[in-house]
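The next part holds the structures, each set out as structure tokens.
The following pair of complexes shares a single chain, chain A, combined with chain B in the former and chain C in the latter.
And now, the complex of A and B:
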């Protein structure tokens, strides 16, 4: 009765290896890590840099290529039952943890059902669709779902569902476990040393389960808190890799032009960072749909893209990123049109009440973007008052809906049910989190479409519902979409095959190598 | 030292303890006035969160308790020299601070010595060559270093010496991955130390130079100096033994101030040169709302200030025996 069989025939070696010249073994790579992560324990901290470093120590059951197609890693194959409600995973045999213990189905069940269910907020939401996780034998795991859950197959990258050692965590206080300071995974690199404030040192896993990998011997992640100093460190050749977003945008063109500098925007497909303006849907002039539409028409997004983002990225058409699944490209477009904006404001009778515009304290680019938006808004007659704050203050103000207009960018996690719906569902409106429906948008019809789309089967039905929802959202403008961001990774060209998955740097170094 | 002096020092130490306690309580309330809390920051960085997660964090950190209770816990722990656990690294605050202490002391200590030696020397030379070209050169240079923002100077130094000349490393405290030992390690750290220590030291060098110069010129016009000269004493001995010794008092005062900043005064330099010190730890803790860590750094910095004020007062009476310490 097994219907869909995937992955089984694909060789175990992760993708693309043969495209390049014969990889060479050996060498050291120096990478920038900014900001310094709170921990490398990827199951409890999902901070960006925890994932960047930890993704080379830990592994998920699957690895996703740049088209978001899953490939075998710790699972060799998997199948879904005809009704879409039972998933069976077959695990790779002969895999050992960094401490020599074997990796089995017991680890998978423990990781997902016990540890991550308690510690990982993002996964917990999806696990609501999972009734039971069982291990009939040492290398088989069966998931029983209460409904077919479309995005299920996209849950298994290392940042969402890392495999964690049961023999170390079972029965302990997870957050206080000493192994959090000395992480033990199955990945291509083992943890060596972390000098707080200076560097994190990882070394090749000699017993890695994929034969011939990794090629790199040593991996150093350097903590350099100042953005300009990070650029200098790359210029002097002391740093080989600047992960996307680790230098200021205005330094990107200069660094890209250095001898030996290579640039790629790949490796963000799974996250597909989507930037928008939060618009308070509950209070103030922004509560009026016409005002929000006027904001869309008022913004010169092409200008921001070319000046602030060095032309990297894409103008966002709506709530769903064009590189992820279920994007509808028939959506109408809000072009830059100050006249239309003015007309809409006049129609609603906007009286010139100033709106509070809060910058996002994430560096220079966002500061400047706020200035651009301020100028755009004032050109159509919207008066603004700038509000400045730091990260903690910004989180709180967004969570409490204590703003009129502000910025953000959120990850899409490869599926609208994982990364998009959370921003628009009225059931997700509770205050207290800056990643919820923080704008306070309520549309019961959209709620229904989005909720249904997560659980209907097969994908063609999902696509239909997501299209409807996208069209309605674009009409309502709950938030003003800005851009699909691209963060160029700048690296020394001697590093080969650096980015070859949809999560880029986060699991890059197992397959990368250095040309001597 | 006389009994009276020792009693004086003991009295000052007791008063210092009370001051520290008051500062700790004041700081406790001060940092809670900032919006947001550590749970929100941690959850915020994670990119996704829910109420359960925030609640878990707040319980873990003890932030779900009433504020007066949190203060009581904090102060009573502090009395037992326990500064608590950092929220972020899950390490004892004291251990984390001690881990960073050597790096900061090395940097600020080097800058302190550099600025004292260089500053006093420049001041003495300028005073001796009063109204001559060397005096002008020193005065103008001191003015420039006094007025230049530290971070700009640091960036320019890194660009010139690291990128353009490629003589000195631009970040970190040692070459990572080389595992040097013995003299090679000393040399390696020394090379890394030059740029940050020079950048940090230049401001106070300028201050000391100007202070010493002015004070020397003033003192040299006093009667006892004329007497010494009239006795037929060698000019160099007059300068070092009569003028300099008397001119040093204001410099000692300033040095006491600078010494108080040995722990927390190098935030900018440590940030630009990625020096793994306490200043950076404090700065990051501030933005992460890591209350325990921040309070810990504040506590140790204020203890240093109290301590060095006392040391300065003791040094006064060594430099100038006419000054007596008394309650």
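And now, the complex of A and C:
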């Protein structure tokens, strides 16, 4: 095996020929955008809704299907050298920006090495593995890594690494560039108008580089701040698409039973939102492993799933989501078993010290979930004291490790090195961020496995290390995993082929079409 | 004695009193009759009322017994209502008494101070106070007391202003009684009747205020209250309207009964005022 040529093997675009009839052109799609994004400049704002709208204006080098396999988009093929340290990307020719300028390798180098390195903290962490990015010719880009970096191939989705126009941004103050208000990308839709507080209007890119796409003429993103009004707008037909999470959970069953309503939970594979309870590993009863295991046994997670999440989602077995890479499905399971929980508490000699249970102020479902967990814990004899707080206070308290038990959910970004390790590495436990090792878990052996797994080559070795780490973590219960969340997207059935990538709505409309 | 007699003859007031009495009894003994916590998930969620004799009023969004919630909610509503009113009286009466009795600059200072609280919308102030001190039964009671004492102070001041020049007060002064004695023994007992009427209405508004705070999610997270029940059920009102309706009715009846009682007290204590109506 001289070179691993990936792109060429699986080159097929668009992804899969639709199983439905021949796509029809024309029509308008109305989508809800909740909350209104602060900007559409996807390279500088990582807000969920910035990604949703911006992902249809901008593009990455690749698209990922629901199994997280990369497919060509702005790059037609790519190869990795034998030592895993040199990646060469071949770009598509004849691609133009929305203002007519050609898209070349200079744009790629500028976007990644200059602009995103400055504005995207999450990408910057990964770029630490990259020594140089060069463009030998107009349609080739070469990345030289200082060591093999497994997740590298999963960095090129539009939200992480959007391609941005060099001729507009070079030498300017990126944050203040007027083009942020009138984004110029290479994507299937061009920006038309944004009436703040009302709607964002995108229109078909007539010069799109993929022949025959997009099918849709007009795309409107409507700002409707009230959850009940969003549901009503869908019921009355004003809205065709409700992206996952834009209506409250309890409205989902009612809306999905409407005539002409289709539901899909696809399109979140890349993010794979994973919910868990933070358990303070440093102080209080939760610092005892047996207590943490008792929490796992005490929780009736099936109940929470069926009552709070309408049976959407999956009980989480461990730290890695089952839909992402390197998930080990041989992990032992913590079933709902109050007896075992009580026995563990007795064994550790838990004296009934109350633990603080802090709700996550993210709305109705999370509030109810806190009440369910509180009740589950009290039934095995764990005394809890509920702490109520607002978003800022919650962030602060998690960052300062000023809690005993609290909730969260984080994205996994398709690879444990990108989205999982950050929660368990002891090098990542400094106070000050609610997205790192906020529980204060320390296990040098796990550190070593996780660190090594990010940089060994090839994938089979990574899988082995991640399996070891997962088994140890499930034994130690640094956090109490709750569920792999699913946010159902509800849409009018006339919209066809809506979600066909691992980031769902974020780049959905280039390939969607309307059945007349 | 006259007062009680006239009150017992007032049918409307007695209706109010009886309802309130029932609620107080439920609040006191309910939790002993009803074993366990109102947060326990006992049955399948969304069980409609009158379908299962064990859970007469059905279950809520998480399968918790609605009747248990009502019983425990009665406790917190009445407790917060009465305690916050007592605190408000303890703040308002002395302030109003001093201002009215001494007049002059004391009056000026105390009344300007009172106006500061009166000009801020009381509900907004209560929300801010509870949010700052973190929601708990203490912060809620305190916040309600703080926003509801100014009317007491103004009322007491008015009473004292008109009573301080009465002959029996002047006589007491000539007698050499201390100001403190005059305020406590002479004037206060004579101004009690409007205070009692006001207090009964204050309990009602305190219950409403507490419910509104819990409805907005600012209730004590460990305590089941009527406002919380409505707040938690408002989102499912199209699927299960009774979950908001039942605690709503409980609040309405309690507040109504307090208003009826207050009205009756007013008529009994101020026969001159009510006389007009009877004629």
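By our rule, the second predicted complex is superposed on the first by the 508 of 516 C-alpha atoms of A that agree within 3 Å, B and C clash if a C-alpha of one lies under 4 Å from a C-alpha of the other, contacts with A are read in each partner's own complex, and residues count from 1 in each chain.
Following the convention adopted for this analysis, a residue touches a chain if its C-beta (ideal position, glycine included) is under 8 Å from a C-beta of that chain, and two chains touch if they have at least 3 such contacts.
Quantities reported herein were computed from a predicted structural model and do not represent experimental measurements.
Of the two partner chains placed by the overlay, neither chain B nor chain C lies in contact with A:497.
In the superposed model, A:125 makes contact with chain B only, not with chain C.
Judged by the touch definition given at the top, the superposed model places A:254 against chain C, while chain B stays out of reach.
In the superposition on chain A, A:359 makes contact with chain C only, not with chain B. Applying the stated contact rule after C-alpha superposition, one finds that A:371 touches chain C and leaves chain B untouched. Once the two complexes are overlaid on the shared chain, A:28 sits against chain B while remaining clear of chain C.
Touched residues of chain A, counted separately for chain B and chain C, are more numerous for B. The contact surfaces that chain B and chain C form on chain A in the two complexes overlap at residues 389-390. Residue ranges on chain C touching chain A, taken from their complex, read 37, 39-41, 45, 61-63, 131, 134-135, 217-218, 221-222, 232, 235-236, 238-239. Those residues of chain B whose C-beta lies close enough to touch chain A in the complex are 34-37, 40-54, 60, 88-90, 96, 99-100, 103, 155, 158-159, 162-163, 166, 169-173, 176-177, 271-274, 276-277, 280-281, 284, 287-289.
Interface residues of chain A, counted against chain C in their complex, comprise 248, 250-251, 254, 303, 307-308, 359, 364, 367-368, 370-372, 374-375, 378, 385-390. For chain A in complex with chain B, the touching residues are 28, 30, 35-36, 38-39, 45-48, 121-122, 124-125, 175-176, 180-181, 195-199, 201, 218, 220, 222-226, 228-229, 232-233, 235-236, 238, 389-397, 399, 410-411, 422, 430, 432-435.
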